[in-house]
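Attaching a single structure in structure tokens format; questions to follow.
Should a chain be cited, it is by its letter among A, B and C, assigned in written order, with residues numbered from 1 in that chain.
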Amino acid sequence: MPASTTAPPPALEAKALARSFGVVKALRGVDFALERGSALTVFGPNGAGKTTLLRILAGLLRADRGEVRMDGRPFRRDDAAQRRRIGLISHASLLYDGLTARENLEFYGRLYGLGDVRQAAGSALEAVGLAQRADSPAGTMSRGMVQRLAIARALLHDPVLVLLDEPFTGLDQAAAGALRAQLMRLRAEGRTVVLVTHNLDEGLELATHVAIQVAGRFVEYGARAGGVDGYRRRYAEATRDA
Amino acid sequence: MRELLAQAAAVAAKDLLLELRSRTAFLSMLAFTMLVLAIFNFARDPTAVSASDLAPSTLWITFSFAGLLGLNRGFALERENRAIDGLLLAPLSRSALYLGKVLANLAFVGAVEAIALPAFALFFNVPVLPVLGPLVLVIVLATVGFVAVGTLLSAMAVATRFAELMLAVLMLPFLMPPVSAAAQITARLFSGRPFAEQVGWLKILVGYDIVFVILCILVFDWTVEE
Amino acid sequence: MTEPARVTGAVPGRSHVWLWLALALLAGVYVRALAFTPVERVQGLAQKIFYIHVPSAWAAFLAFIVVSACSVGYLVLKDQRLDLIAASSAEVGVVFTSGVLLTGPIWAKPIWGAWWTWDARLTSTLFLWFIFFGYLVMRSAVGEPGQRARYSSVLGILGAPLVVFIHVSVTLFRTTHPQPVVLKPQGPTLPGEMLTTLLLSVAVFTVFYLALTARRYALAKAELARAQALAEGDHAA
């Protein structure tokens, strides 16, 4: 009996995704397929539709056409099991300023049905180095600390797919460095990552695949090849013509 | 089902914890309610109109205004840091989110009503204690209907520019059945008529609650999906 | 660089034909109402307003039923046209509702001596006006068309049971509105000629409502087409 040699389906797949807001066509057909453990970085100027793409992948937005597949199965927004496998880090923190760091994480822990929320919150805070600030309200924290707390929130339920929307916005050097290290850790842990950004310097390092998105389409997409300069040149060309 | 309730409870608990921390909304609503009650006392000629004539209207107009002020809070607090995205990302059913918000609003508005009622009895010298049981029932029924619809409408109003005004404009027609029914029953309770006589108005109150709680749960999805 | 699509002043389609037809029918039925229908004995000439007041109320509620039905349809089918029909119907509906609220007092004053009596039908119509108003205000406050359609549809659906509850609540109050002379269980007590005129008015107002809504809808579609053409022009440039 020959052993099965079929490859596993892609961890994340997008087919012909399109979305309009009234007469504005934010996404005009985007396709990609990622194996587990890959990291796709999407570069594009403002208005290219990157956030729209990410929100569709996160299940926050419905696509007008096309579909998203996770591990070969169509992504359905009301499928709780699939939603449980997604984590989102955005430039907004998705946290409550009035609650402490611990309370924020315990709340999300409850939403995700994590049994011992106190313990889960505790270890998540340790992992991002915020254990001493566990009982400070999120509103009193610096931007860098808030970003770390947001990462803790996003990873609390151990998602296999991590989506990042301009996560470096407003971070100083130190915080940006910490975030870069965190992202490399995500790759090492075998999670699938999709990062959208307008800043080439931030997202290229961790990428296994790179896409350049302009006016709702991928004008370039493929495995990462070459260095920053090549991408910088092609990005400048692509955005100049837009 | 149990998970739905557990999630709704988590959402409600979070809202109440946030409110407990800052207390500004609750205290403002309370102050506002006391002020409205006090102003009603001066907005009449005491030699021409007795307090008991105006009492039922005063009570229900006061509750309506206070309720309107309190409803906006619910979804407004999800706008900071786009927390609503966090809620929609999680495996949280939309119905659980709606129920959680309704529970939090009920606790909030209910707390204000619980303090306003004795104040009302005091200011207007109305014998509330003899009819306390039926009165509380009526207040609960009317508040449930009011909060169920108001929570749904506030989810939409919060996305518009003049959210408080929008909520009030949308809410006012929806207030008419529960408030008029509650006011009519309250008036008859205060004038000593038997509670059992108010069947017609009670049916309206209960019917309104059942119809709109179910309907709001069904359509809530459409107010938060994109 | 391509030129943006030219937009002419006219609204495409034949909706204006229906409108002229409706206006002609309207003129015809009022000639009949004023010249060829007997004058009511007790109320005199003031009763002639009846032939505007009642059909307007009918058209207003018809408009609302259409809004509700299209709202359900939109949430199920997600067809933007249903949302446009609902919006057009709401705009036309608020006009008819205003008509009822204006003719009501004009009729009431000579008969009852007061401009406004809180009778059941007029009060329900007042709240219907507020419901239409809230619907239209909500639409104007939401920019994104998909979101606007969703929110409007939610309101359109909630409004239906609300109208029922309002009417039941109002009826529970004492009313001073004249007994409904047409829809009494034992049969209409309106004498033959007047009944015919009334039924004709109701039919004509139905046509009038349909013509106005169709025209408004045609205008809405034209505006949408224009916006899309401009957006395409921007992209091609």
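Note that a residue touches a chain if its C-beta (ideal position, glycine included) is under 8 Å from a C-beta of that chain, and two chains touch if they have at least 3 such contacts.
All values reported here derive from a predicted model rather than from experimental measurement.
Q: Chain with the smallest distance from its CA centroid to the overall CA centroid?
A: So the chain sitting closest to the middle is B.
Q: Between A-C and A-B, which chain pair is linked by the larger number of C-beta contacts?
A: Pair with more contacting C-beta pairs, A-C versus A-B: A-B.
Q: Distance between chain B and chain C based on Cα centroids, please, to the nearest Å.
A: 32
Q: Once you find the CA centre of chain A and the CA centre of chain C, what distance in Å lies between them?
A: Using C-alpha averages as centres, the distance is 49 Å.
Q: Using CA atom averages as chain centres, what separation in Å is found between chain A and chain B?
A: Distance between chain centres: 40 Å.
Q: Two-or-more-chain contact residues of chain C, please, as numbers and ranges.
A: Counting only residues that touch two or more other chains, chain C contributes 146.
Q: Which residue numbers or ranges of chain B touch two or more of the other chains?
A: Residues 225-226.
Q: Enumerate the residues of chain A that touch no fewer than two other chains.
A: none
Q: Can you tell me which positions in chain C touch chain B when the two form their complex?
A: Listed in rising order, the residues are 75, 127, 130-131, 133-134, 137-138, 141-142, 146-147, 150-151, 153-155, 157-159, 161-162, 165-166, 168-169, 172.
Q: Taking the complex as given, what residues does chain B use to touch chain C?
A: 149, 152, 156, 159-162, 166, 169-170, 172-174, 176-177, 180-181, 184, 200-201, 204, 207-208, 211-212, 215-216, 219, 222-223, 225-226
Q: Give every residue of chain A touching chain B within the complex, in rising order.
A: 55, 58-62, 77, 80-81, 83-84, 86, 88, 90, 92-99, 103, 107-108, 110-113, 137, 153
Q: If we count contacts the way the header does, which residues on chain B are in touch with chain A in the complex?
A: Answer in residue numbers: 3, 6-7, 10, 14, 17-18, 21-22, 77, 80-83, 85-93, 225-226.
Q: Within their complex, state which residues of chain C touch chain A.
A: Per the touch definition, chain C meets chain A at residues 144-146, 224, 227-228, 230-231, 235.
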